[in-house]
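The following blocks contain the structures, represented as structure tokens.
Paired with chain B in one complex and with chain C in the other, chain A is shared by the two complexes that follow.
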Partner chain A sequence: MKKAPLSPERSPVLEVDGLEVDFETGDGRVRAVRGLSYRLGPGETLGVVGESGSGKSVTHLAMLGLLPDTAEVRAERLRFQGNDLPPAGSEALRRLRGRGIGMIFQDPMTSLNPFLTLGTQIAEMARIHLGLRGAALRETVVAALAEVGIPNPELRIEQYPHEFSGGMRQRAMIAMMLVAEPALLFADEPTTALDVTVQAQILGLLASLQERRGMSIVLITHDLGVVAGFAHRILVMYAGRVVEEAPTPALFANPSHPYTRGLLRSIPRLDEEREELEPIPGQPPDLLALPEGCPFAPRCPSVRELCLREEPGLRSLEDGHALACHVDLEPFDHEERS
Partner chain B sequence: MPHLLGFLAKRLFWMAATLWVVFTVSFFLMRSIPGGPYSNERNLPPEIERKFMEKFGLDKPLAEQYFEHLSRTLRGDLGPSFKLADYGVNRVLAEGLPKSAALGSLALVFALVLGLVAGLVSAVRRGGWLDHGLMVLATVGIALPNFVIAAVLILIFVITWPVLPAAGWGGARNLLLPAFCLGAPFAAYIARLTRTGMLEVLGQDYIRTARAKGLSEARVLLVHALKGGLLPVVSFLGPAVAGILTGSLVIEKIFFIPGIGTHFVQSALNRDYTLAMGCVLLYTALVYLMNLLVDVCYTVLDPRVRLD
Partner chain C sequence: MTRGVLLEVAGLKVHFPGGRGPIRAVDGVDFVVREGETLGLVGESGCGKSTTARALVGLVPATAGRAELDGRSLLGRQRKSLRRRIQMVFQDPYASLDPRQTVGDILREPLEIHGLGDRRERRLRTIELMLQVGLDPRFLNRYPHEFSGGQRQRIGIARALALRPDLLLLDEPVSALDVSIQAQILNLLSGLRRELGLSYLFIAHDLSVVRHLADRVAVMYLGRIVEIGPKAAVFDRPRHPYTKALLSAVPVPDPEVEARRERVFLEGDPPSPDREKKGCAFASRCPLATERCRREEPMLLPRTGLGRESRRVACFEVVESGGGRAG
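Up next is the complex of A and B:
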């Protein structure tokens, strides 16, 4: 586990307060994100964990103005490096994308343009954001591929995405998104589509690039195992809200929300002789019709009567640990997991 | 490059085989239809008709006629026209094709410019009034027969506001109205295909990536989306170009264009066996060559597609 470089006197890179995202659909209003807030320090890595539909991707697409027109985004405060984020659709936000905040995506097969060479796709970023031309442009593109560990970059820039393996494609995607040296990177499930061994390589690559450049990273994933060795702090999201937030060691030492505990129990472990994984029972909530009270209550093993009436707010525990749950659970037993 | 040459050689061989099959089927089909080149003209005395039949070898056994026609065709001579006295089929086609092709080329330019622009605008303004308006117009363009469009345009540009000649073969001004009429349904079809293709591509992950990179919307559209969005249009263009270059009976009749579109229909009705065969072979070869061109274009547009 890396030491968190977060120091209170340095101003945060990203400040999010009360972010809400709704989608207008034919069936009604989908409330995808409901009042999300967090701070991200320079050089810090934040892990955002949750299952599909928890709002973890939508949150970050919303900040970059990459959601479709059916989305409605509101926030009390959205600040990047001390300035308000420009509104979606504005020219100012467009210029910030890639230059100030980069974003990489889950499946590098479908996320890279199959009709253009990788050289073209990287070069256009360097040209637009850095104003490079000619030989300097070419040098920058080759150096970017070399930096992410792609062999023979001079030849590779002439090739198309389908001529790369999955891991190499994700490396190329990282090279492309970091060529303009953004201060912040949103990484949306960057390893989900990859083999486990390749996953580790990609995470290692991101970590070393982060160290070299001092950038901040938001790592969005459904897999607690991926953020465990990588993030300084973890945000667990459920039904568009933060249910638990803590520095990584504290979260793993004492997960306090029943949902977080469920996620931990559903990770397979090598040191146990178990035939079956332990899933969280039930389905993720229907965002079109959220129940009154806590949205996790229907699946919660520790549910109380109060949980069905009132949705819990986020309350602080010790050491930067915050929790949105009415129940104070017994300390987590790491040995006996059921 | 040797790869491309091998591919072309193979395709040209298959084109020859296709042409031979088409030749054979057409030959026997035409002769199995009742009537002959001279059976329509009632008052033709029998001995004169016999003389004609002898002159063109139509009195010989069918097999002999077939091999004679085939070997002559292989030597590049499509034979004499049975109906257009003193004209060989080669000459009829050689004189008409350039006119039809000139008209068709201009029609194609209209169709591509109008169709692509309308399709792109529709896709970008999806759901807006401009999109709805253009797509209604496109449906009208597909549904309206081009003689109706021709009549309306003649009324406007020749009679009410006389800026263009009504008909005839001459300068480029003579071609504007007929080319527009010929191209209108193609423009409408291309508009719809472009819109569908672009919408499909604009929903892809890599377009979101392009936006996340901070590219301008114009660059996202024209560099990242256009190539993929145009693939359906390219497929459609193969057979469409063959059709548009060989003219149209209706347009050539209305505007008095001496092209070959008329012969395609008239030769069959007249049982002008040799001229009909010439038209069929010409059309087959054009369709084949255009589809070949489409395949080559595909490999240029989409790097994942290879020849063969």
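Up next is the complex of A and C:
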């Protein structure tokens, strides 16, 4: 764990209040994100954890205006560095993407143009966002590749994406993001397609860049192990909502939502022997037909009658811990897991 | 106490033609799987773990070596009676089921091909298979797209069980599934192994999953096994420098553990499998590598003085000088 940064309540980099994202589909209206709110402080890393369909990626694509036209995005407040985020499709938002908020995605191969050299693609970022030309442009590109640990950057800028390994391509994407010097990075499953030793390299690189540059990071992932060592604070999402939010140590010391507990009990750990895993029964709900009440209720071992009628709102516990659940569970029993 | 050997693989090689020379996907692997045992085969992309399994069921031709099930060769032309004793479950339950077949068709097909039972018996068998993997037999007339990912993987497992095999080759059977569903399938696999007395060759890149399911583990790097042994020995006291680096890179969902851990970062990427073959494949990234490692290839051997230890390691430093003992 890294040292906790400034409190996000003071001069937050990002403020999200009441974000809703719906998709109009042939089968009906998909409610992908419902009433999502969070704050992100300068230099802070927020881990956003959830499974497919939890809304963790859609949330962030919505803020950047990167969703298709079938999406309907509403929010009470979306502010970046104290100013409202420009509307989707606007020139102002286009300028902000890259310069203000950088992005890296799961599969660097599909984010790169296979017909252009790496140097050309990174230079484009520096030219558009920083207005650099000529020798200064080249110098910036080479320096960025060196900063992300790509050996022989002068030679590598002449090469095409297919000449790079998966890990080196993700480093190149990070270099491309870095040249525009964003204050905030959205990293959406940045290591999911990579081998585990390469994942460790990339996470180490992101952590050191953050320390050097004071960037804020939102790390979107399905992997609780990845956020345990990397994030200051964690949001757990389920069926388009935040079900639990806490500083990383608190979340793992006392996971309080039955879904978070279920996840921790169901995943095997490298440092533990367990006879049986305790799976979460059933499957995530159909976002086209969300059940009444709490969307986790049909799978929940602690379900009450109230849960089937009324969806719980997010309520604050102590120490920055927040929970969307009607039930107060006993403190988490770590022994029960082994 | 020692269980009989079911599968024996020796010197297995799978080479593919490549522009710069042969691509050595699998380059001489030896291992056994005993009756009722799960051997975990781990390693990163391109290490040859899936190709090894595919060679055992004849999906790719072996270039050299032996592979025997109960003493009968699996390589070359397999007899049907032998082939049905070894079955495969694939990673992607979306791509490995024919979308135009009903579940009933999918489960009946192997029985028909192998001429097992009459119509009624086949129908009863498909119902039994559905129950064994935890699916409602009323869904036999449904198509794969009507099922979730986890349910589809259950269908893939039921299909593999149809011929009552002795050995299942499980190639990343849970890595395409959401975490909350993975545990359901892992528990199903443990239960089936117990109830049906199956043996598994379990291939996965997720070491936590392998630790949960396997009895013994083989670690592959660039077409070779670098370390093999009982699960607890390999995971708790890894010896090969690659095994150490691999294990230290696996994130653990516990911030206290993460803060205490020492990471062994590997530099660079694995060399290409069509590289000129010389010395130990891991030498270019190894913190212990000497001149000899770049010249000579180490064999998979027990450590000196520990002849009875069932773990074997392919590393001069570890085997001969007792290096790698710390940690």
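Keep in mind that, in the parts below, the second predicted complex is superposed on the first by the 329 of 338 C-alpha atoms of A that agree within 3 Å, B and C clash if a C-alpha of one lies under 4 Å from a C-alpha of the other, contacts with A are read in each partner's own complex, and residues count from 1 in each chain.
Methods note: a residue touches a chain if its C-beta (ideal position, glycine included) is under 8 Å from a C-beta of that chain, and two chains touch if they have at least 3 such contacts.
Every value quoted in this text rests on a predicted model; they were computed, and no experiment measured them.
Asker: Label the relationship between chain B and chain C on chain A in the superposed model as either fit or clash.
Answerer: Superposition result for chain B and chain C: fit.
Asker: For A:P86 in the superposed arrangement: first (chain B), second (chain C), both or neither?
Answerer: Once the two structures are laid over each other on A, A:P86 reaches no partner at all.
Asker: Looking at the overlay, does A:D223 come into contact with chain B only (first), chain C only (second), both, or neither?
Answerer: Touch partner of A:D223: chain C, not chain B.
Asker: Check whether A:M168 is in contact with chain B, with chain C, with both or with neither, and answer first, second, both or neither.
Answerer: In the superposition, A:M168 touches chain C alone.
Asker: For A:G35, is the partner it touches chain B (first), chain C (second), both, or none of the two (neither)?
Answerer: Neither partner.
Asker: In the overlay, answer first, second, both or neither for which of chain B and chain C A:P298 touches.
Answerer: Neither partner.
Asker: For A:P284 in the superposed arrangement: first (chain B), second (chain C), both or neither?
Answerer: After superposing on A, A:P284 lies in contact with chain C but is clear of chain B.
Asker: Any idea whether chain B or chain C touches more of chain A?
Answerer: Of chain B and chain C, the partner in contact with more residues of chain A is C.
Asker: So, A:D195: does it touch chain B (first), chain C (second), both, or neither?
Answerer: second
Asker: Contact-wise, after the overlay, does A:T110 reach chain B, chain C, both or neither (first, second, both, neither)?
Answerer: A:T110 contacts chain B only, not chain C.
Asker: What's the minimum Cα gap, in whole angstrom, linking chain B and chain C in the superposed view?
Answerer: Result, nearest C-alpha distance in the overlay: 11 Å.
Asker: Share the list of chain A residues that count as touching for chain B in one structure and for chain C in the other.
Answerer: Of chain A, no residue contacts chain B in one complex and chain C in the other.
Asker: Going by the contact rule at the top, pick out the chain A residues touching chain B in the complex.
Answerer: 64, 66, 94-99, 102-103, 105, 107, 110-117, 124-125, 128-129, 160, 162, 173, 176-177, 180
Asker: Give every residue of chain B touching chain A within the complex, in rising order.
Answerer: Those in contact with chain A are residues 204-206, 208-216, 219, 223-224, 227-228, 301-304.
Asker: Mind listing the chain A positions that touch chain C in their complex?
Answerer: 1, 51-52, 151, 165-168, 195-201, 204, 222-226, 228-229, 248-249, 252, 262-264, 266-271, 273-274, 276-281, 283-284
Asker: Would you mind writing out the residues of chain C in touch with chain A in their complex?
Answerer: 44-45, 148, 150, 178-184, 186-187, 190, 205, 207-209, 211-212, 232, 235, 245-259, 263, 265-266, 268-269
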